[in-house]
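The next part holds the structures, each set out as structure tokens.
Presented sequentially are two complexes of chain A, the first with chain B as partner and the second with chain C.
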Partner chain A sequence: MDAWLEFARGPLFRLSFGVMMLGLLRILLLDLYGAWEAYRRAGDKTLPWGYIIRRTLVWFFPFNKVLKGRPFYSICSILFHIGLILVPVLLFAHIQLWQSGVGISWPALPKPVADWLTISTIVFALALFIGRSFSRMSSFLSRKQDYLWPLLLLLPFVTGYVCANMSVGASTYQVTMLIHILSAELIFVLLPFTKIAHCILLPFSQFVSCVAWRFPADTDDAVCTTLNKKGAPV
Partner chain B sequence: MKTNVIIVEERQRAFKSLRTDEISERQKLKVRYHVEDFDVNDRPRRFLEAFAAILKHSNYRVALDHFIRVSAKCSRCATTCHVYQATGNPKDIPCYRSELLLSVYRRHFTMGGMLRSRVAGTGHLTDEKVQKMADSFYDCTACRRCNHECPSGIDHGLITHLGRYILSEIGIAPRALVVSTREQLEGASGNTSAIPVPALIDTLEFLSEDMREEKRVNITFPLDVEGSEFVFFPAVSDFLMEAETLMGIAAVFTATGDSWTTGTGYFDGINYGLFYSDRILERVVKKIDIETRRLKGSKVLIGECGHASRSAKQFLPVYCGGKDAYPVVNIMEYTWDVWKAGRLKLDPNVVTEKVTYHDPCNIARQGWIVDKPRELLKAFCKNYVELSPNGEDAVCCGGGGGTVSIDEIRPYRTMVGGKVKADQIRKSGCKILVAPCANCKKQLKELVEDQKIECEVVGLHDLIYKAIIFDDSLKVSPDEKQTGEEE
Partner chain C sequence: MNRLDVFKSVLWTLTGLAVATAITRFIFGLGAVSNLSDSTPWGIWKGLSVVPGIALAAGGFVVTAVIYVLKREEFHRYAKVAVLIAFLGYLSAATALVVELGLPWLVWQPVIYWQFHSALFEVSWCVMLYLGVLLLEFLPVPLEETSWFAGLRRFLTKYKLVLVFLGIMISCLHQSSLGTLFLITPEKLHPLWYSALLPIEFLVSAIAVGPLVVILGVLVICYMYRKEADRKTLSKLAYLGFIVIVIYGVIRFVGLAVNGKLPMIFDGSWQSTVFLIEIALVLVIPIVLLGIRKLRYSQAGLAIACFSAVIGLGLNRANIAGVMLQVPGSQYYPTIYEVFVSLGIVAGAIIVFLFCVEHFKIWDVKWKDPRERPEYCPRFDLGSDVWLGSPGVTERVKYSLVFALSFALGFALMPQDRIESKGVEEITVQKARGGDTLFIDGNYDTFGTLFDHARHVDSLGQKESCVKCHHMNVPLDKESGCWECHSSMYTATDIFRHDWHASPNGADIACDVCHEPQQERQKASAKKCRDCHIDLYADNTADIPDTYLAVSYVDAMHILCVNCHRERAVADTTRVALAQCPACHTGPQPDYLKAEMRDELSRPAPNHVMMPPAVLQVKEE
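== the complex of A and B ==
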């Protein structure tokens, strides 16, 4: 078991983390390159920066949005995201691993805060899953990944909480820790290839939409030529 | 086009209980948008060909790539869509509609989609799906309100716009829009309402005489005056249906003395290209540019029309020279400017009824013109109330995206598309509803009629015409000869 844990903590972690970082970097660069290409071709190069920034910030601090549509689901979603982002990054145990591995560290969350955030993330992940399953609108739209993601994200949080707070036997601890690490690594690997890519692309949504509305000039002729419709009546 | 008209009893039943599948199905009118005959079996291939050609020559790809990666399917957009709120049918959720096209893009135009389909052997575009898109994209009124509520920032309006464009390339577009556009671009009259120039001149002379009698002022519509500051392009249907709006605009220019002109070469602000085809959009926008150039004008002035204003404001720079394109001004901006500068006086005692303002989506959604018409109205309407919500978050009239021009779907527009708006108007208790948009006005007039709301729908300049105070120096005696028409 120790060998498995070592393997999961060492090479497998490096591999999955690398896949995640490179994958995210890839889609970010593709996105920005696409936007740049589109901007270069645009007939009108002025962009409504004020509008773009305002609309982007609205969703980073969605206070006045929460109660407007699906308030329960929205509040659950916001609280879920807070824990989801803060706990893995600011947990003392995780920072320690970074410190011993590559020698970098940063301030950690106090343990009680981290514990409560973990519990809230678990609760709200379940709430989101239930909300999706029982809402007529959501379940109509949902794909498989939409149901699987909250459940997959639950795994490292539940196992992490068990390892950190419960007195379990050594072998149970090891198995739980292995599940904790492997599930996190699975998340890392899947992240750039699924809808969770929004973690890196979201700040650019409004910008990309505005660029797409800036059409290139003289496309009528070009599209007609490609479709062999030149001179065709309206 | 085939339609099922809903009978009165069915309509009343539908409003009693909205959220059942049975009612949703009944509310769906089976409107087909085919323009020409086509080979049914061939549509998926032609759709993909058109999609590929459009992607090659446009900027849509970046948005589609982005949207397929970030779409979280949270269904928050459903809470804001007036069509979904009225039907309760999940197929009217904006995100579902967008997914119809995004799934085609994912399957046929991305590497991942192509590989996955090789493994699973499914997901390719079928004729059934093309038909689904044809129905769905025209159930949407392209108001883009859902765009504001999408946490992922997906622009469902952009996707509907693209979906309609691709469909139009394979001959699926509302006949009403295509026939009008054909007349505008290839017909003898050169405008969507097929008004010949002599008829236009007659109408304007008649209106001038009317105004002279009523206001004792020579209010004219200058025609083909070269070098005017503003070249005027109203929704051409205003010449037939909204004369009072045009009279109000002419009155404002008479009061200020600024130079404006209507060109007899081209005088139609309507651009249905915004609703179904970028190629049409480009051709129509270029006609505006050519006419303004011919008349040596310095600014393009668009009348009270939402889509005409947006298509000129947003796309004149795209197709006609970027930064060097003619500046586009909406008439409400002009009127506000001159009123703010103290060049326009309005009588606060003329309009006493309860007045409210409807924000046309194409003008207000991105915050372009929101406060100016309100300031104007509050300046002379004592009893002004707001609809809620309003401004950038305003609810669509239910006839947006060109659907108002399709007379066959009036029951759908007034009982489904306009349901939320009707509730909003009723709640406000207004007696005059100001809607500065030709499309919104037509829809809202039909809406208040069908929904039996006692409320008059007018343009902003209809009221300004009533309240405007002319300088005494402009007054003429009843028998004085009319001047100005020959300018």
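== the complex of A and C ==
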């Protein structure tokens, strides 16, 4: 068991972390490069920057969704994201690992806060899952991965909470810790290749889609030519 | 799959592995990825990347010299390829050097701080100058693609000849000075390779193989992009190389014969076998294939001859700069990670080369990927069965994925036992030996500094000056030594002994004496030491630290001595030397202490500071 833990913490962690970091960077660069190429070809090069920034901020802090539409679902989603992002990054135990491994560290969350955030993440992930399953509108739009993701994200949180706060036997601890590490690594590897890539694409998505809807300079002529109506007003 | 596809995928894979290794090297240091040591500081990074990279870059100046000095205009179409190969060769050598040396932010220092005694000083200048010249020579090609910097492009094109001549001069200087560098290693380098003619051998062999590298580059891209190579011109260029190879062979064997080393070639040792392989690759095969006219004009003959010569020259440089350069008794085998870096740098250079071929006018036209042509039917991706877009987009998507995955794989393959932190070895400090003159040598490894106690008392102001160094005392003591609190050589120590204070076998003090009854029992809220130990601090008016953490012995010495010496040096400009290392680090212990410490001499010395004799002499003057 020790060897498994060692393997999961060492090579497997580095593999999955490398895939995640470079994968996300790759997705981001491809995204921006594509947008830049579209912009270069676009006929209309004026971009509504104010609108783009406003939309980006709205989607970054989607509090307005709370007021209209589906308040319960939106609140669950926001709180879920807060815990999901803060706990893994700012957990003291994780920072200690970075400190002992590479020698870098940053301020940590106080333990009670981290514990409560973990619990809230677990609760809201379940709420989101249930909401998706039982709302007809949501389940109509959902794919398999949309159901699986909240459950997969739950795994490291539940196992991490067990390891940090419950007194369990040594062997149970090791198994739980192994599940904790392996599930987190599975998430790392899948992250850049699934919808979770929005964690890095979100700040630019409004800009990219705005640029993507700019047609190349001579599109109107090309369309008219194709429709056999050359010279007709567009 | 297309052959270009396979080739590029392999290149990106190798680059990914190399980048992962390089990052690990920069985070965890050389020891994490390489087997380099103090006795073998030059491994395959020098032998496979730096020195051969520079030798193979010689095509740049040779071909331009042939075109502009010998006025052979028929080779003009290969000028850009030659310059590009030279530029990439130097760039990859410089990259390998940066990965090996580390501290890339200090590369500018040889420009400012001139070190005339260093053989590498001249080498570093040559690399920087020639890299600059090559950059300026090549710059007009990418600038053609854009309307920006048109003035710069016109200027560079106008003064092309100046750059060409500068390139030829610096290159000759550098190729031969690399050979000169190895003249300082007569007892390290194997006699079959060591020769007083090394500078000439380096220069001539580089001139010989330089054009062959260019030919090989041309043949490879002709193969990759399915173009017909212009064999006639290439063979003519190869013939030039052939002549110089013959001259090189003569120089090499005459050198061996004059020194009576010829019998060593067949003495059966592994070195002689390597020598024979090298000679076969760099001399025999090219001379045979290029010497026979029919073979020289055939594509296969030309390709094999060039490839063999390139590999042979690489082997020659690898032998001189690495394999045969060994201290007796030390063994060095490169790790797989060192190989990753060496291969990855070459792969990266080839990627840049292909990029330039596809995007700039290296020839008269750009050589696009065949799939870019309009008649090419779109293909579905083998893995995902989807159309990934036009070839340009497909390339981006695919190769970036290959790179990311191979980077992660390389990162995962890093040796766990080497990148794990083992911490600093805990060494307990012992009392300094001697009387009025102390020998400060905390770990008793016999490398320390002499400290004239009486002289310091005199110059710092008699009795009042004691507190400057003896700032704190062990309870019930008046003149505690440094070692009593700063008791660990390289790590900090907590000098407050909580267990001893609370233990019935020690002070046996109740908790409430130090901790307030109602408060949480923490260090911060507890009583301070000096509340009980009134004579703890020698000077009660001075700033008193909050923690009871004594810095390591080495730090304590350096902070105390260096700060005071520095103040002195600033105040009295005639005594600048006080603030320099040799003021204290004067070498190993003096003779009269030797007898006393003879039994200690057998102990290993893990971390000592010694000044070379030259520095000591300067100090005495």
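List of remarks:
Throughout what follows, the second predicted complex is superposed on the first by the 219 of 234 C-alpha atoms of A that agree within 3 Å, B and C clash if a C-alpha of one lies under 4 Å from a C-alpha of the other, contacts with A are read in each partner's own complex, and residues count from 1 in each chain.
To be clear about the criterion, a residue touches a chain if its C-beta (ideal position, glycine included) is under 8 Å from a C-beta of that chain, and two chains touch if they have at least 3 such contacts.
These numbers were taken from a predicted model, which means no experiment stands behind them.
Using the contact criterion defined above for the overlaid structures, shared-chain residue A:G101 touches chain C, although it does not reach chain B. After overlaying the two complexes on the shared chain, residue contacts for A:L29 are found with chain C alone; chain B is out of touch.
A count of residues in chain A touched by chain B and by chain C gives the higher number to B. Contact with chain C, but none with chain B, is seen for A:P11 once the two complexes are overlaid on the shared chain. By the document's definition of touching, of the two partners only chain B reaches A:D44; chain C does not. Of the two partner chains, chain C is the only one touched by A:V19; chain B is not.
Residue overlap on chain A between its contacts with chain B in one complex and with chain C in the other: 30, 34.
Within the complex formed with chain A, the chain B residues making contact are 49-50, 53-54, 56-63, 65-66, 69-76, 78-80, 90, 93, 95-96, 99, 112, 147-149, 151-155, 158, 169, 178, 181-182, 185-186, 278-280, 282-283, 314-315, 317-319, 322-323, 325, 366-367. Taken together, the chain A residues at the contact with chain C in this complex read 6, 10-12, 14-19, 22-23, 25-26, 29-30, 33-34, 100-103, 192.
Residues 20, 27, 393, 396-397, 400-401, 403-405, 407-414, 416, 421 of chain C are the ones that touch chain A when the two sit in their complex. By the touch rule above, chain A contacts chain B in their complex via residues 27, 30-31, 34-35, 37-38, 41-46, 48, 51, 55-56, 59, 62, 65, 68-70, 73-74, 77, 135-138, 140-143, 146, 193, 195, 197-198, 201-202, 204-206, 208-209, 211-220, 222-224, 226-227, 233-234.
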